[in-house]
Amino acid sequence: MEITTLGECCFPSPKKNFVHDQDRMPELVVFRQGVAPETGNLFELAGPRERLFFEPGRTRAGIVTCGGLCPGLNNVIRSLFLELHYGYGVPEVIGFRGGYQGLDPRCGQEPWILTQQMVDKIHKEGGTILGTSRGPVDMDIAVENLIRRKVDILFCIGGDGTQRGAYALYETAKKHGYPLSVVGVPKTIDNDVQYVMRTFGYLTALDESRRVIDAAHTEAHSRLNGISLVKLMGRNAGFIAAGATIASQDVNFTLVPELPFQLEGPGGFLAALKKRILARSHAVIVVAEGAGQDLIPGESGVKDASGHTRLKEIGLFLREKMEAFFKAEAIPVTIRYFDPSYQLCSMPANCEDAIMCDQYARQAVHAAMGGKTGLVIGMIHGTFIHVPSGLIVTAKKRLDLDGLIWQAVLAATGQPARFGII
Amino acid sequence: MEITTLGECCFPSPKKNFVHDQDRMPELVVFRQGVAPETGNLFELAGPRERLFFEPGRTRAGIVTCGGLCPGLNNVIRSLFLELHYGYGVPEVIGFRGGYQGLDPRCGQEPWILTQQMVDKIHKEGGTILGTSRGPVDMDIAVENLIRRKVDILFCIGGDGTQRGAYALYETAKKHGYPLSVVGVPKTIDNDVQYVMRTFGYLTALDESRRVIDAAHTEAHSRLNGISLVKLMGRNAGFIAAGATIASQDVNFTLVPELPFQLEGPGGFLAALKKRILARSHAVIVVAEGAGQDLIPGESGVKDASGHTRLKEIGLFLREKMEAFFKAEAIPVTIRYFDPSYQLCSMPANCEDAIMCDQYARQAVHAAMGGKTGLVIGMIHGTFIHVPSGLIVTAKKRLDLDGLIWQAVLAATGQPARFGII
Amino acid sequence: MEITTLGECCFPSPKKNFVHDQDRMPELVVFRQGVAPETGNLFELAGPRERLFFEPGRTRAGIVTCGGLCPGLNNVIRSLFLELHYGYGVPEVIGFRGGYQGLDPRCGQEPWILTQQMVDKIHKEGGTILGTSRGPVDMDIAVENLIRRKVDILFCIGGDGTQRGAYALYETAKKHGYPLSVVGVPKTIDNDVQYVMRTFGYLTALDESRRVIDAAHTEAHSRLNGISLVKLMGRNAGFIAAGATIASQDVNFTLVPELPFQLEGPGGFLAALKKRILARSHAVIVVAEGAGQDLIPGESGVKDASGHTRLKEIGLFLREKMEAFFKAEAIPVTIRYFDPSYQLCSMPANCEDAIMCDQYARQAVHAAMGGKTGLVIGMIHGTFIHVPSGLIVTAKKRLDLDGLIWQAVLAATGQPARFGII
Amino acid sequence: MEITTLGECCFPSPKKNFVHDQDRMPELVVFRQGVAPETGNLFELAGPRERLFFEPGRTRAGIVTCGGLCPGLNNVIRSLFLELHYGYGVPEVIGFRGGYQGLDPRCGQEPWILTQQMVDKIHKEGGTILGTSRGPVDMDIAVENLIRRKVDILFCIGGDGTQRGAYALYETAKKHGYPLSVVGVPKTIDNDVQYVMRTFGYLTALDESRRVIDAAHTEAHSRLNGISLVKLMGRNAGFIAAGATIASQDVNFTLVPELPFQLEGPGGFLAALKKRILARSHAVIVVAEGAGQDLIPGESGVKDASGHTRLKEIGLFLREKMEAFFKAEAIPVTIRYFDPSYQLCSMPANCEDAIMCDQYARQAVHAAMGGKTGLVIGMIHGTFIHVPSGLIVTAKKRLDLDGLIWQAVLAATGQPARFGII
């Protein structure tokens, strides 16, 4: 997995404890004795390089945050600035505002020159001081703007749409013959990026989700045949739903995008729920927003501004189906619906996320100063790596239904392995 | 405001620091020098009485929790039990389950005999261990059940529907010639009971509301023209919306049931919102669920199981109106909707609420042991009082638009005193 | 209780909903039927006045925060600024820094001209942006400085030392013939100010104290004969210890300054503790820092910089005594000591405190603009009042051992009414 | 790293997704291209085995928790029970009480037969329902007791003293010819176990530490020359101090056991602190309890009941030294000392810790049912492994001063790499 470098690295680094460019982390590390081991992809290690491509005192860097909010964005901005400024001595760090659209000089929001004072306390707040938006920017205009502003390095914090854009920026700069280092920091509260063990913000989202599940459990438990339905983030992958279920241990059914399910029929979800209600008089259901999309009538594949497929409302659909079902069964139930989505995204980072943000940011700076480009900072086996932008967006990470996490969900909920004959 | 007593009080009390039956708290205490003072209603003070109507060692008490959840219900149950059992030596306290319906022996849920062990830790959890429900019970059947079970005292924890029911139970018992003490503990997260300065659960709801407003503010602030709309509890009164606004100081518009408003027109809400968006590029709006009901098309006055008028969905209505308005104005906005309702209700009580719950409960026990009946524990001027059940339900407490709280809301939001010509 | 006014009030107020200068709140409001009522002191009501002494557009105000930290200080500073600036149109508000010493121009810390931007988010943080200190300032130098800077109004946020200083400032200004309005906002986390039902910060301190007691209870409960000793704030009064005990319900012994106790002897604290340990194998003890001072050997009455008597370390003393006692009794115990003092003081204000801070601040501004001086904002019976500075410092508010709070402590702990023959 | 197995595995497993006994995780996975790779130790993977040594329906298991409290103990107990009971069908799980001493039938605390109801909610509470203690038990008596009670499997949750004891129990059982599976779950809030990337409880301790550092920072910042000193857990390793520093970003000096330091002299800690105070007027210091032990006079190496070396009080020592130093320098400072130790240990587990506890527990059950013995569940490179008990206790994990974490501490604090010539 070779990472592109902008050219020869001629400048000494003010850092120490260097990582060697030939160090590699294999994708696969477990092997079976007596069987020839496979390594899968071999990734460059992240970390400070002994020789730099950019001369720190003459380097200018930019930062842009894109897409939905996620706990820790401000932490990443802050640590990028600090590592650039104090770690390497980069004199000027520019914050582009309002997502990729802020790279267009006509956007109406002048970029900020970041200072120590501006970023000093921002890690204690959710959101992003730079602002964000969905959707693309004209690549040529953006790159021309970067060239005009003499920006050598651009840090793109965002999800896979953002990383695709980052790759396009890098290609466009190459086309212009401009040595632009574009380094991505992966951002998704859903934790569904391949070659990234854990994205920042995910654990904070779990803490907040568990609070809501606690409330949902209390509601369900305080009424005869109380049913609480909690919709959580998770477009393509059920990591938040699964993690919150294991942490809470109060959930009885967890529905995720990875596992299609049937509502009707003797093995379907509604029959299982009925069984639970008759036996225990209450139930807590967690559903990831991307689950059960095939069940909901209506056109599929509609896209939003940033090219995401617009999801159909599984939460409200399920509530309606449950209401109709129990009415038909003449079982009186009280259904409560919890939809805390944006609350999860806007929290300040918890400690573990705060530490990860700091590390992602500093590794991104090391990569950029070493002249690497067209890459995203990844993490496998607990170690930070460089992943080519082109590779990271080829697929999403999803729950392994035979893996540790999903098995723990099944143990925590006691739900059947399948709903229906699917 | 005379409180009915079941008869002569012949038994000595094990307590001390007695309150005298002739002590009175006036409804009005401020006066103007040179003007003859008015006192309004004169209320009996709550507190332990020197002589008891019930002989503690031969008394049996019951507890029932009704209506929606509210932080502190378990605290009240626990302190009722402890004061009865340890404070007075009452041997048996029965917990009826699932609200008033649990008073009907055919309800399918056998009452519990409460013990120290059962209630020991419940104050650390939200909800009610006894369960709850909305809706009435057949009064004669309920009273016959109480008589058969030899229940001398019934504590009814609930809102005004519950207190109306409590009064009916007391009247029905009188009709049966049975000396039943019915004592109400007022419960509404909305804090809208007259002669009750503050209902338990309200402050916990504020803490939780402020967390959501924080998230809403972060969302709005992180996008160009971001608008966050937070719907909070408050059917008839905007105390939660107002209190959360003052505590947060991040809200720009607060809409409450007490203040009708216009959407359209130059002085309407939408025009004021547009002005804010153009000037500051983001806005946070808090709306109480009972606000603006007159604006929403559809039949009014539909009732639910417990006789509450079913509210029309002001939150979703407002969101739709704002979307249409800004689309017509060609101002691109990002609107986020937050509806944390049941999360507020299910929290464990914060410290202040926990302390109040303990006091309400112990005052209720003192009243009952003294043979008082047909009353609710109230609080005015910081002092607990006895309020006749018949009086407390005559009206709701509402925000005084000239008062301290609403003026503080206006100062915090900077919103105009009126939206439109209403 | 007449409040001094600086002179005739000639300017119209931009506010509305005025309070009349002849409105009075009696100290005593409960009366016994058939007995002639007593009112005690009659206090002026706080609130906006129809006529102002200071012309808002030509007024300059100053703020100073003194003594120990307390949750809500920044909220008060912020609301003072906002009410002055936006509520009345006062053009300049000065923040003196580092407590009273900041009134001395030689202190080395230049005062700040406060702006909207400076105070915008400070209510979300603990501490005080102005800084604080203990100890006095030369009154003549301070007043000359205020005169030179044309400060018309000085808001003094602090405890009784501070309010004594505020009174001295007012007297000194009078001596100089300078019409200075000095208005105090009472600040003590201990909640021990007379004519002040509740000081801001107290409830936040309870929330934090309960968290620590939870931890202490877990520690004690997880070991055979585990004893957790928690020292809480409370120099002269046990309000924090008592409130936290009632809210927690996990405390077995609460020791406060108001109730002297004996350690030794059959009725002493140690004998009661031994009984508890033998019966239940664990115990949680809360001690206010000012409790049991007479038990500790050493010189009494040593004063610190601000004139407070330096307390002797009751926590460590008790731990030592318990260790020696159980060693002598050959009962193996594990004692854990918790001293969260400064943690309580540094928290951001919870919702109720945030609301109270806003109200105290705005009432203080109304009083000052009306030309009142030499007063502190108080609160009795749930209503804000004006209390002469000279009166408020005459005594401390203390727990009434026959009152509601202490009785609730006895009920929660089950401890004896007295330890020893005291 | 071969793990001992009690014998042939004859029984089928009710689980699925089996791990193969020949699967290995290498200790070292990163390699340099062109250099022959080294693997270090090769560890068995944890996970369900296809064949079991114990027949589930005839198996009896025991659990014991030892040493200090740590967030997540109850989660581990609960998931052990659930996996044994529901995952495998083990009919009886015994909870030994009060640590290893509870294995001695003369201890006075009868073991509990655990039930679903007993463990249902315990994961929401800190501490351990089984109780704990430090110190050893007579091995022969313990093993005879286990044999008499027909306990086939013993889960030992504790630190390295506990794991040494676990190994001794296994050896003693072998000596008695009794096929006892002893499986350890590593427990230390300090996160200092080798071959364990992260121990449960550590992240919760960081969350709590950061809260205290926030308070400490507020205190220091609110006074001229305010110095806050926070002592955190960390006997042999500074992981908590370091992690909390990175998460908080408000610490200026972090002192850990791994890095000896000098107080005096031009390059010493006090000189650096003076420089900071003169430049910035406040400072926050975090010190791990095991730091700087060589600086404190007094006898070294005194042991407590569980064989831990008793630490000398670095916090109080430092405070004293700082006070004397600044007094001698005639620089007035205000020093606040924060010692939240036991608060960290008693918290309920945060989400990440809760998830890890569940996984450690289930992996431990899989190992035991497969007849493995004399091992501890470890985790490297994000994967659970089996570590021989004899290996895990040979050394402690310590901060790598050239590694990612410590470099992040240096970046966050800006402190020099060394204090003094050490």
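The chains carry the letters A, B, C and D, assigned in the order they are written, with residues numbered from 1 in each.
What we mean here is this: contacts are C-beta pairs under 8 Å (C-beta built on N, C-alpha and C of every residue); 3 or more make two chains touch, one makes a residue touch a chain.
Predicted model only: the values in this text are computed from it and were never measured.
A.B. asks: Smallest number of touch links from chain B to reach chain D?
C.D. replies: 2
A.B. asks: Taking the mean of the CA coordinates per chain, how far is chain A from chain B in Å?
C.D. replies: 41
A.B. asks: Per the centroid of Cα atoms for each chain, what is the distance between chain B and chain C, given in Å?
C.D. replies: So the centre of chain B lies 29 Å away from the centre of chain C.
A.B. asks: Roughly how many whole angstrom separate the Cα centroids of chain A and chain C?
C.D. replies: Their C-alpha centroids are separated by 46 Å.
A.B. asks: So which chains actually touch one another? I want all the pairs, not just one.
C.D. replies: According to the stated criterion, the contacting chain pairs are A-B, A-D, B-C, C-D.
A.B. asks: Using the touch definition up top, name the residues of chain A that touch chain B in the complex.
C.D. replies: Contact set of chain A toward chain B: 69, 98, 109, 125-128, 131-133, 211-212, 214-216, 218-219, 221-224, 228, 336, 338-340, 342-343, 345-347.
A.B. asks: Can you tell me which positions in chain A touch chain D when the two form their complex?
C.D. replies: Checking each residue of chain A against chain D gives 16-17, 20, 22-26, 29-35, 42, 45, 78, 82-83, 86-87, 123, 197, 203, 206-207, 209-210, 243-244, 246-247, 249, 350-352, 354-355, 358-359, 362, 381-384, 402-404, 407-408, 411-412, 414.
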